[in-house]
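One structure is given below, represented as C-alpha cells, and several questions about it will come after.
Every chain is named by a letter (A, B and C) in the order it is written, and numbering of its residues begins at 1.
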Amino acid sequence: MDYTKYVLKDNEELASLLEDKDNIFVISCNKCFKEFESVEETDGDDFAAFAKEQGKNVTGITKVDFLCNQLLTAKKLEGIIPEGTEYIAVCSCGLGIQIVAEMEDLPVIAASNSLNYIGHHGMALTQKTCGACAQCYLNLTGGICPIVDCSKSLLNGQCGGAKNGKCEVDPKKDCAWEKIYQRLEAQGRQKDFLDQPVQLRDYAKSNFKVVNDFVKEIRDSRLTGYNGGVHPTENKELAENIPLAKFPEPEIVVIPTSMHAGAPATPVVKVGDTVKVGQLIAEQNGFISAPVHSSVSGTVIAIEPRPHSKGTDVDAIVIQNDKQNTIDDSVKPAKPLEELTADEIVEIVKDKGITGMGGAGFPTYVKLKPGKPIDAVLLNGCECEPYLTADHRVLLEQADDVIYGLKAIIKAVGAPKGIIVIEDNKPDAIELMEAKVADDETLEVATVRTKYPQGAEKMLIKNVMKRMVPSGGLPADVGAVVANVSTAVAISDAIQKGMPLVERAVSVTGDFMAKPGNFMVKIGTDVQSIIDYCGGITREGATVKMGGLMMGAVLENTNVPVIKGTNGIIAVNTEYTEANECIKCGRCQDVCPMELAPLNFYKFAKQNDAKALLEKNIMDCFECGCCQYICSSKIPLVMWIKAGKQAAREVK
Amino acid sequence: MLITQLKEKESIEALVNGKAFIINCFGCKEVHFPEKEAKEFQEELKAAGKVTEILTMDYICNPKNLELHLQNYKAEIEAADVVLVFSCGVGVQTVADFCADKKVFAACDTYELPGYQGVTPQLFDCDQCGMCFLNGTGGICPLTACSKSLVNGQCGGAKNGMCEVDPEMECGWERIQKRLEKLGRIDILKNAPVQIRDYSTDDATKEAKQSE
Amino acid sequence: MKVTELFKEGKFVVSAEVGPPKGINIDKMIEEAKEYLTGVDAINVTDNQSSVMRLGSLAVCKVLKDNGFNPIFQMTCRDRNRIALESDLLSAAMFGIDNVLSLTGDYTKLGDHPGAKPVFDLDSVSLLYTMGLLEQGKDLGGQDLDGEPPTFAKGAVVSPCSDSVDAQLVKMERKIKAGAQFFQTQAIFDSERYIKFYERAKEFGVPIQLGIIVPKNAGMCNFMNNNVAGISIPAGIIEELKADKERAKAGITGTEIAARIIRECKDYCQGVHIMTLGWESKIPGLLEQAGLA
C-alpha cells in the first residue's frame, strides 16, 4: 500500500508555472508512508526532465528523505544551491514546500499537489481511517466509524441512498450504516442505539490553540539538548525509593574473564587455589583490557566457559564462597587524593580493574589518559534507562564517594571542573548534590530534561557543553571526559579502601518482578538467585533483561553472573510481534539522537551494501535503540545496524 | 500520526458494565498520549475489581501486530464483558474488527490535527487539499494558516495582524502578503484568477493511485 | 433598483443597515424603517451578523421591497455551500432583489452557535465571481441556466483603517477583478486615515460608500477599538463623548461626530453607508447635519 502524500502537478499546469521562469534548482522529497522499495524516488528527476524539455536550465537537483524534518533538512540544504539559481522547485507535500519556502530567500515553485485521503491513517499502512472528530462515536456504532466510513458522515443512522448495501456516492463502497446495524445486531445492541439521544456534531471541538500549544511543546521536547530521543514510560517508582541493601553472600560466584570491552583477562589462579576478597584472579591482557579480582573469599572450583549475559559461553573463574569475607593483603588504602599524582590515580584505576559501569564496560584508565586538554569531566547521573534506579540510589546514599571519585577523575585528567549531570526526574538527588558541591568552585550540578538517551556520552556533551563529538571521534576531542556515577564510587573505593571493583549497585525491578529492590551485589552472583531472592517473576513468559529496557541484553538463560556493567535486572513485558516491511513513516530518523537515518541502515544492511552504509555514517550509531523503540513496523533495527556495522568493518 | 485525549471519566465508567479488558496503545506516545490520566483511571477501575487485564502495547493500528499480542490474552478477553481501548480511532476500529463479537469501546477522543500530517508535528501545516495553492501564496498554506481557509485573500476580521478566531494566531493572509512583498511578487496575488476549491479531490486521489 | 445605476447617475448614495430580529415578528423593524429610513437610497439587510442566528436576510429583503424600500441583500459564505449560495442568488433575483453585498462572514465560533460547522466553501471573492457567472447564464458547475439570466449590482466590503491595509487593498483589487461594482467600508472614525486609503483606492475607479457608525459613548468606542477589526477611533473622539455624558447619551454628540466625519470625507467617497446599531432614529438628523438630507 502507498499513502505517499504528493504527486507532481500535471504537465499543463507545470508548463504554465515554468513559463516565465528559468534557472531552477529542484528539491525532491523521497516520500513517506509507502513500502520502502527504493532509496531515492524519481519525482525530482521527472520534473527536471520536464523542465529541460521546456527549455529551462536546471541548476541542480537534490533528493531528501523526509523533507518535512526541518532540522535535518536545513543541514542537508546548507550551501547546496548553486549561484545563478533563480527559482527552487519543490516536489513534496505541502509541508516540505513550506519548509523550503521559509528557509530559502529564492521564490519557491510548488511542483506537486498533496494527495488528499479521506480520514487519516494510523501509523501502519491500514485501510482503517479516523476522522479525528475529537468526539469519538465508535462507542455508539459498534466500532465502525460513521465520520469516515459514511460518505455523508451521518451520525444518526442510514440515509435513504444505500442500494444493495452499497453507498450512493461510491457504489463500490459498503454502506457504513449497514455495517453498523449488522454489527450492533450481532451484539444485541440495537436498543442501545435506538435509545441514544440525537447526535449533533460539535465542530468547535477541534481546539487549534490546544493543538498548536501542544505541537510547540513536543517540538520543544524533541529538540531540546539534541535532536530526537524518546520518552518510554519511566516506571522508576517501582524501586526508586527502596534503599540499597547488601545482597546476601552467594554460595558460589562465577566471575567471567571478560566483563569489559577489549581482550579477556588471563587467569592467574588455578582450580583448588584459595582466594581472598579483592585478590587479583585474572590479569589485564593488552591495552584495552582490565584485570579481574575475586569478590569473595573461598576456593576456586573451576575455570571453564560458563554462560554469559551476551548469550555465549565465556571463560569464567568459579569460586566457592567460604563466606568469611577475608580481605586480600593487597587491599590497602592509597595515599590521600591530595598527595596522589595524576599518573598514580590512573595506575590505581587500572590495577583495580575499574571499567565503565554504565553498561559499555570500557576500561576506565584509558579514558583517564586523554592526551588532550580537558575542559570538564561530566559525571553521568542521568540514568535515562526506564526502570533503573541503582545510580539514583548511589547518588543519594554514596554522595560523598561519588564526589571523591569525581575529584580523582578531575585530577587524573587535569580538568578545571567537574559537572554532575542528573535528569530532572530525580529532584532529591539534584538537591543533595547541589548542597554537597555548594562550597566547591570546581564542581557543579547540571539538571537535564528526562529524555532517553540523555546519559549517552555524546548527548551529554552536546547538551551540557554544547559541543559535538566529531564523527568517529572521542569525547576528549572536544575536551570532555564522561564517567558514570557508579564508576566514580568504584574509583573512590579503589583509592580510599584499596578495594578493586568486586561489587556494584544493581536495580532488580520491572513490572513482573515480585519484590523490586536495589542491592549491592558481588560480581559473579547468579542472576536467577537474585530473581528468586526478589520473589520471582509474576507473569509467565515475561522477558528478563540485564541492563535497562532500551539497551539491556535479553537473558534467555538467567543462570548468568552479574558482571561489572550490570546496572539492572528487569522483568518486563514480552514483545510478541513480527517485523513488517518498512513503510517509511520516518519516525526512526525523527528520534535518532545522532541525526542519522536508521531506515537506510536497514535497507542497506539487507542488501549488504557496505559502501552505502558508510556513506550514511553507520559507524556513528551507538545503538541506543530509539529507532527500534519507535519503529512502527517493528523492525529489529539494532540487529540490522549491528549486521551493517559488521559488513562495513569488513570493507574498511 | 494521531493523538488522543481521554473522554470524560464518567462517560467511560458508564461503558464498563461488568469487567473490562484494557488495551493501551503507546505507538504515538512520543507525540502524545494521556498516559498519566489513563493510568490513574485504570488503577481505580482495577481496584474496583472491574479489570481482567491491562495490555500496553504499541501500533495496534497494525492488525498483524495486534493479533500477535492478543493471542496471548484470549482468556482475559473472554472473561471480560467489554474491551476498552485507549488509542486513536484507528486503533479502536482495528480492535473492534478483531473482536467483532465483543463490545469494543473507545476511551479516548482523537484530536483533530488540522494540517499536521507530517511525521511528527512540524511548524508548517499541510491540509492535503490536493490542489496546492502555495505557488500563489509565497509558500504559506492559506488553508491551514487562515482559520477560514480562505483562498482569495484576507477577510476583514484581522485585528493588529492577528486572526479573529484566535487572537494569538497571526493572520495567515497578512503573513502571505508580507512574504510576497519581501519576494517582490505581490503581483502574482493581484493577477491570480479567482480561486475556487475543488472538494472532490478525494476522488482524484483515488484515480491517481489506481492509474499508477 | 440597482444602486450601481444611482452611482452612474452621479448620485451620492446613502444606505443604512438593519439587522433582522431573532424571531419572525418584523413589524417593529418595518415601522422603524418607515419612520426613519425613507430618506436613504437603499437598506442593507445583514446575514446572521456576527454568527448570531436570526431571521433570514433574503426574507427580510423581500418584505422591505414589498414595503417600497430598496434592499441590499448581504450574503456571507459562512453558512452555505456554493449550491445554496447560487440558489439563494437566483431566489433573490426572482424577487427582484438585485443589490447583493458579498462578504466572507465572521467565524462560527464568535457567535451563538459555536459548535456549528463553518462552511466557507466560497469566499467573498469567489461569490462575486459566481454572481458574474450567473449573469452570463452559467453556474459554477458549468451548467446553463434556463431562460433570461439574472443581473445584480455586485457589492463588496473593504476595511480602510485596517492595520493590514496593504492586504485589504490587494483583496479589494481582486474583488474588483472578480466583478465588484461598489464598495461599502468598515466604519470610519479617522478621516485622515480614510483619505489616505482613498488616495490609493480611487485608482480602481469603483464607487466607495463611506461606512459610518454613530458612536454612543466612550465605553463603546474603547470596546470597538480593542475588539473590532478595522476600527480605529482617535482619542479626540472618545474625549468628546466623555465631555458631556448627557449629550452623548441623547445621541447628540455622536450624531455631530458622525456628521463631521461625513463632511470631511464627502469629497473622497461616492456615498455613505450607515450602520445603525439600534439608533435608526438618529439617521434623519445625521443626514441633515451632514448636508445630505
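Everything that follows uses one rule, which is that a residue touches a chain if its C-beta (ideal position, glycine included) is under 8 Å from a C-beta of that chain, and two chains touch if they have at least 3 such contacts.
The model shown is predicted, which means the values in this text are computed figures rather than measured ones.
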{"item": "Most remote chain, CA-based centroid, reference being chain B", "value": "C"}
{"item": "Closest chain to global C-alpha mean, per-chain Cα centroids", "value": "B"}
{"item": "Distance from the mean Cα position of chain B to that of chain A, given in whole angstrom", "value": "26"}
{"item": "Rounded Å distance, chain B centre to chain C centre (Cα mean)", "value": "39"}
{"item": "Distance between chain centroids, defined by C-alpha means - chain A, chain C (Å)", "value": "61"}
{"item": "Junction residues of chain A, two or more chains touched", "value": "205"}
{"item": "Residues within chain C bordering two or more other chains", "value": "109, 118"}
{"item": "Set of chain B residues in contact with two or more other chains", "value": "147, 165"}
{"item": "Residue numbers on chain C that touch chain A, as the complex places them", "value": "108-109, 114-118"}
{"item": "Interfacial residue positions of chain A with respect to chain B in the complex", "value": "2, 5, 7, 9, 17, 32, 66, 68-70, 93-95, 97-102, 107-110, 112-118, 120-124, 126, 128-136, 138-139, 142-145, 183, 186-187, 189, 205-206, 208-212, 214-215, 218-219, 222, 230-231, 233, 541, 573, 576-578, 580, 585-587, 589-591, 630, 632-634"}
{"item": "Complex contact set, residues of chain A against chain C", "value": "200-205"}
{"item": "Chain B residues within the chain A interface of the complex", "value": "1-3, 5, 7, 15, 26-32, 35, 56-57, 59, 61-65, 68-69, 71-72, 88-97, 100-106, 108-114, 116-132, 134-135, 138-141, 147, 165-166, 168-169, 179, 183, 185, 201-202, 204-205, 208-209, 212"}
{"item": "Complex interface listing, chain C residues touching chain B", "value": "82, 103-104, 106-107, 109-110, 118, 120-126, 128-129, 140, 157-159, 162-164, 166-168, 170-171, 173-174, 177-178, 186, 227-230"}
